[in-house]
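Notes to accompany the following structure.
Here the chain labels run A, B, C and D in written order, and each chain numbers its own residues starting at 1.
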Amino acid sequence: MESKNRVCDTMVCAMARMIRDGDNVFHGVSSHMPMVAVLLAKAMHAPKAVHLNIPGGVDPVLRKLQKYTSAGPELLEGSKSYFPLMEVFDLSMRGGLDVAFLSGVQFDVWGNVNASVIGDYKKPKVRLPGGAGSAVLIPTAKRAIIWRTKHDQRTFVNQVDFITTRGNVDKIVTPLCIFKMENGEMVLDTIHETSSLEEVRENTGFPIKYSRIAYTPLPTKEELSALGRIDPGNYRNIEF
Amino acid sequence: MESKNRVCDTMVCAMARMIRDGDNVFHGVSSHMPMVAVLLAKAMHAPKAVHLNIPGGVDPVLRKLQKYTSAGPELLEGSKSYFPLMEVFDLSMRGGLDVAFLSGVQFDVWGNVNASVIGDYKKPKVRLPGGAGSAVLIPTAKRAIIWRTKHDQRTFVNQVDFITTRGNVDKIVTPLCIFKMENGEMVLDTIHETSSLEEVRENTGFPIKYSRIAYTPLPTKEELSALGRIDPGNYRNIEF
Amino acid sequence: MSKVISLQEAAQLIHDGDILGLGGNVLHRAPMALVRELVRQNKKDLKLVKTAGAMDVDMLCFGGCVSSVDAGFISYESEFSLAVHYRKAVESGEIMGNEHACYTVISALRAASYGVGFMPVKGLVVSDLIGVNDYFLRIQNPFTNEMVTVVKAICPDVAVIHVQEADEEGNARITGPLFEDVLFSRAARKVILTAEKIVPGSLFSSGMKKADIPNFLVEAVVRAPRGAAPCSCFGCYDIDRKGIIGFKALKDREALGGHLLSLEYGDHKGYGGSL
Amino acid sequence: MSKVISLQEAAQLIHDGDILGLGGNVLHRAPMALVRELVRQNKKDLKLVKTAGAMDVDMLCFGGCVSSVDAGFISYESEFSLAVHYRKAVESGEIMGNEHACYTVISALRAASYGVGFMPVKGLVVSDLIGVNDYFLRIQNPFTNEMVTVVKAICPDVAVIHVQEADEEGNARITGPLFEDVLFSRAARKVILTAEKIVPGSLFSSGMKKADIPNFLVEAVVRAPRGAAPCSCFGCYDIDRKGIIGFKALKDREALGGHLLSLEYGDHKGYGGSL
């Protein structure tokens, strides 16, 4: 029987479940999946999670998501208070940010993140968009959650080309699996039902460690239904 | 013939004339005389001077002054923009404040200002209210203008008990005269018509230097009439 | 979940020895109802922080609640003259008067708010304040080797802020001058609001001006109409001259006790500082 | 005295080699009309500063106007993909891509705004960015001897900010997210505003929300309706997808020239980025 679950839904639901009720949670630009995950968490098990973002609306009441941005003014409308990016950074610096959703291009087994360059910094082979908040949020947020929609040996490498940052990475969510950081090492947490240990191994540039094989819980009917309401335009799938 | 000019009017008019058109000018708490001086300057020769203050109203349109405060919310009403104390400080730090009106309790011939303590700092004989902005504004404002409604040998001393600050003091306005700073020394600039060189000498704790004897220009009829409109409650006289 | 509690409960959240940030400025929007309750509850060893304080600091000093004051200016303004209780307590050695420029208080709070231990301050150059206080040091700008004064971070354990409007969750909107209150709400570990009015949060989401302090930074909200009196509260009331003069005329702590007792019922019931 | 000038005159206030701060964030309220005019005037060696830039930075790089970019993130968001001209120019060595965290740009601007040469930054701990860039250093907190990263101040020669409303004197009010624009207006030596509407200043004095940028910080104001297009401008218009896709499809500088020529009349006449 083929699964009816799309990987993007599995990933977004997993990300949502990582948010605890009452957490202060931030996502930045190019972050439709975390944005939907925060909205989902608040609609399900974590109504008191605090949704923070770049435009500065605290717990915005979103009438409509935008396809092209997760940093648009609609994230301010309907919110009761204004708490913009620079304040979110300050909050994290002083220890008040619980969860930051961040991405990157290369990750290694020690939890190093590269969002800067491939090759020489001053004249790079590939200039990446940059880490945005990563370099300061990953070390200061209580839990940094990474998502990345590519899972291959160029993404999960033995050693990153450039260390943009390292810090409090808690989980890494990919289309194949979820990694967790344990004693300073990236280990397999759960495998998505659409994937396999074999597939994870083949697509990862370092040896996979795990204590047990578990599968990522599937999206529930309630979650899928909430996703349909929150993200009718299906922007959570935009990176695929 | 006895002068009809009150000392407070002579002082306030002199302070107003020190403001040049276009200057960014700040006054703080307990500062009725500078507050009235700024309003007078804007009504007379310096309409483009920018009036900055603690509550943050830029060029407030004051319907009514308050007797008990020069830091009240009426200084925000009617202004087009909000630029509160901390921003005024920042402005001065980066070199953008032209004039700061400040006071103090002791001054010496080298331009040192004491607004802190008489006696030992940790267990002082007299604890003064504190310098408020003086310690950072006097060194950074382009011109710090001091006013003090006492002129005696305890105020103008050979050496201050405690250096709260020293810096860009330009003029010191007293009930007897105006001093100016010249080559790092306080020298007599002008004497009020109600005073005399003799009186200034007797009431100053250091030898008076001057290059010529000049008198402080009297308030004009236009100035006095503007003062009546700006400060009908006569709060410019509150310190006497 | 409502964060609204009584004035007495709010005062109990402030502990002996706490670093306490006070909102407002001189006689404007000072959190007087809570200040009075702190004296009634006989708090000790509070370390007060404010840029420019007046009656709030003076009353806490009079009540024997204070061990130090970090501020740029402590005095009433012209009409009401000096803060005599503060002054006497510093002169007697009972209280350490840690003099700042108002701006170095701001810089110290910014440091706390940014999670760093110190903040460079441009203006403090020639000053005996640098030598006599352990919270100022001179260091080199590592990029240019120029010397610059730095001030140590001040992270209040609690900030008490009186606002015109708050909702039950702790969102708060200040009308008129903000003074340093928004900064205090970011720098402090715990924020307690006293509010003229408890309003529905929808007021903030629909209006042009949103809340200045977001709920997730706030520990507790107290309904305290006239909670700044006899100080002023913009849009609500001006100062109560009689209240200030009455306080200034009190001769000793016993008289202060009587004064606070006379205001207790109103403070606790939310009638504020005058009956 | 009116500070209103034409777009062409405003661009002439920006000189080759200037450090240029750009308002807005990614595709929101970027000062596109002025950016286009800078390319038309063939500016060189601009040193761009922004937390998160997209089409503005990409176009200036495409136009050959840029020698360095200090930013945390340069890319369009998901739908429109990468900023290819920026990317190519950095990879070819034509432009130095000075990577910051968005927060270190903010900290560097705060330093400039506070008149100090550097700012401590808590979060930048383990990062190759510290070693490869001369604007980051590690120093000791002089109060605790703990190590902390500091970032060098960035003081833009000019900040260009697109706003919804400005009066002739330069008071400006931004509706919706402010992004880093207020900070830019304080950190820069010179502020140039482009505004959807020139309004009477009385709007700001009577309303609940006053101007965010006071006139005395502003050098010049340009009337530029649709001056952020094809980026969004809250309350006025959303992005113009065709305009963005059209730009992204341009193959070379000649094509860019044609594109800018087609928008020139509208930009100069104040019809904005689409006709």
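The definition used in the following text is that a residue touches a chain if its C-beta (ideal position, glycine included) is under 8 Å from a C-beta of that chain, and two chains touch if they have at least 3 such contacts.
These numbers come from a predicted model, not from an experiment.
Comparing chain pairs B-D and A-D by the number of C-beta pairs in contact, the larger count belongs to A-D.
We define each chain's centre as the mean of its Cα atoms; on that basis chain B and chain D are separated by 40 Å.
Centre-to-centre separation of chain A and chain D, using mean CA positions: 28 Å. With centres set at the average Cα position, the gap from chain C to chain D is 38 Å.
With each centre defined as the average position of its C-alpha atoms, the distance from chain A to chain B rounds to 57 Å. Residue positions of chain B with contacts to 2 or more other chains are 92-94, 140.
Chain D has residues 114-116, 121-123 in contact with two or more other chains. Under the touch rule stated earlier, the contacting chain pairs are A-C, A-D, B-C, B-D, C-D.
Interface residues of chain A facing chain C in the complex, by the touch rule stated above, are 24, 48, 50, 58, 61, 78-83, 87, 90-96, 140. Within the complex formed with chain B, the residues of chain C that make contact are 25-28, 51-52, 71-80, 82-83, 86-87, 90-93, 96-97, 99-104, 106, 121-129, 132, 176-180, 183, 232, 234-235, 238-239, 241. By the touch criterion stated above, chain C contacts chain D in their complex at residues 107, 111, 114-123, 135, 137, 139, 141-144, 146, 148, 150, 152, 207-209. Within the complex, the chain A residues that touch chain D are 28-30, 32, 54-56, 66-73, 75-76, 84-86, 89, 92-94, 116-117, 121-127, 129-137, 139-140, 162-167, 235, 238-239. Chain C contributes residues 1, 112-116, 167, 171, 186, 201, 204-205, 210-217 to its touches with chain A in the complex.
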